[in-house]
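Each of the two complexes below includes chain A, the first together with chain B, the second together with chain C.
Entry: the complex of A and B
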């Protein structure tokens, strides 16, 4: 089985388990610290965005977008979701993405590139999965096509 | 006895002091409103010419958040974020040519000429 297939399988399992359990409030910042704090999150976001804007599957989504602003917002969001001391002030995932009309292929591209970005900064596989498990339920709001 | 020409000057002076403010007021009332739409991460127009004092309503008809800003030596404007369904009103009170842009979507640009 190829690396990409493994990633997809891993993501599918995470989505099923996350959908079953639903999002939970995190009372600690363990994941945030395990990810390496805000500095590492910024590196992850930098890496992911660099891949997204050159990934033929989703590059058009980022056309005409202020990437610095986008990176700040995404870092805030990941930081908050991981239990860090940040506050995401953007709109909810449905409103943010509905005009993009994303399909499952584009969503998978986003996730795969994010995983590659986490690999680049050597985030342990189990830590990656903990973050992805939090993000996975957002699929229903992000994929609208 | 007052010379005839002096009376005419006073009459003319009095008339202008009344008429000019009325004309100015009429001019102010005649300011035109324009609507420019923000849709698909673009302005509905590339350029527009307006008169001094005219107002442009920037209507967010998009699924995305927008904002607008103008940077020039004569006129600066930097709005808050405008959510879908909202509008930003800008009165152009100085003559010149301005470029209206969006911080969120850098390729959005509208050239406004104020005559």
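Entry: the complex of A and C
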């Protein structure tokens, strides 16, 4: 097998594994509604991104990023994961974060700021945890250092 | 034999794994903060009475300290228990290495107060116990593996020495020192905001070692069961309950299963306070030793 085919095969296997181990989107939209629907998700993402880009622990991760497109993609993703009527069309978590070499300290900083953003728009704590439960397994794909 | 030999082998075998982690490539990354306090708030638990990371009476599979898998964390704790006929004070320190290995030390002081006089030991007679602990996380991630059933699992040992050997033998205990071996599994169910631990322990300790090890009623190791359940009410506040079963090795005084209900407040990653109501059963012939438990933990 040529090295190029080997590369393509490895990438395909990686993508399938990444997709298989990803969190399961909700079958019903209860969490989406409990979160306040797309309007609140947009506010959560706005708040989280505003914190991320000024958080000394992770701000550099967001250099050279089209923030508007990023926010739209992230909102689509959270909406879909929570069972809402959206479709995330971006790449999987492993591929989108691989080049950033994120470590667990940076990942936890992302989580803490997201929690703060949800607090700001008064998402109940238990509801926050139901969303975090879907996002938590992504740590395995996102943390590569 | 129970779980003692497998625990010991697992600990020794995995020490080389820990050494590998320390020596691995990222050790030369000068941007790496070895004291990162990077874990999420409350995800290291507090220190149980014997000094191990966990709840109030039960060791959890979480490694103490806020250091992540790239770092080192540590803490000191002070615990005071006020019972009808006794007081128990515990103080100690623990270190968490790379979220993999935990080393702990605690000193327990069991003050018999006026009951000491009644027992013929003298008022204020105090049993002192040193507890050296090691805990090794074997597998699993209690916090992040939300899509898996596998809990975080750790094995540990607690080497305990009591300084009142002569008195211990007089009350029927066989030894003034002993080792507990345990396996513990912890899982955070984020959907329910619930943190659960179950543990199995092999022990000969009487009243956690306060009254020595082994005895004239029973001298061998026995297998004990322990568990904790905590509800997270906020990122900083949890309430829960625990239980532990205990051996009953001494003829002169029966020993019971124990439990507590607790509230733990994590002020920040450097300070926490835990308040509990503990039900410690019968201790050295005094019945229904139920009282208040207060613990403070400070670290990084």
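Assume the second predicted complex is superposed on the first by the 120 of 145 C-alpha atoms of A that agree within 3 Å, B and C clash if a C-alpha of one lies under 4 Å from a C-alpha of the other, contacts with A are read in each partner's own complex, and residues count from 1 in each chain.
Criterion: a residue touches a chain if its C-beta (ideal position, glycine included) is under 8 Å from a C-beta of that chain, and two chains touch if they have at least 3 such contacts.
Bear in mind that the values here come from a model prediction, so they are computed numbers and not experimental data.
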Exercise. Using the overlay on chain A, decide if chain B and chain C clash or can fit next to each other.
Key: fit
Exercise. May I ask you to decide whether A:99 touches chain B, chain C, both, or neither, giving the answer as first, second, both or neither?
Key: first
Quiz item: By residue count, is chain A touched more by chain B or by chain C?
Solution: C
Quiz item: Looking at the overlay, does A:126 come into contact with chain B only (first), chain C only (second), both, or neither?
Solution: second
Quiz item: Between chain B and chain C, what is the tightest CA to CA spacing in Å in the combined model?
Solution: 19
Exercise. Spell out the part of chain B that touches chain A in their complex, as residue ranges.
Key: 41-42, 62-65, 83, 103-108
Exercise. Using the touch definition up top, name the residues of chain A that touch chain C in the complex.
Key: 21, 23-24, 103-105, 108-109, 111-112, 115, 125-126, 129-130, 132-134, 136-137, 139-140, 145
Self-check item: List of chain A residues in touch with chain B within their complex
Solution: 63-66, 69, 91, 95, 98-100
Quiz item: Can you list the chain C residues touching chain A in their complex?
Solution: 26, 33, 36, 38-40, 68-71, 141, 143-148, 190-191, 193, 232-235
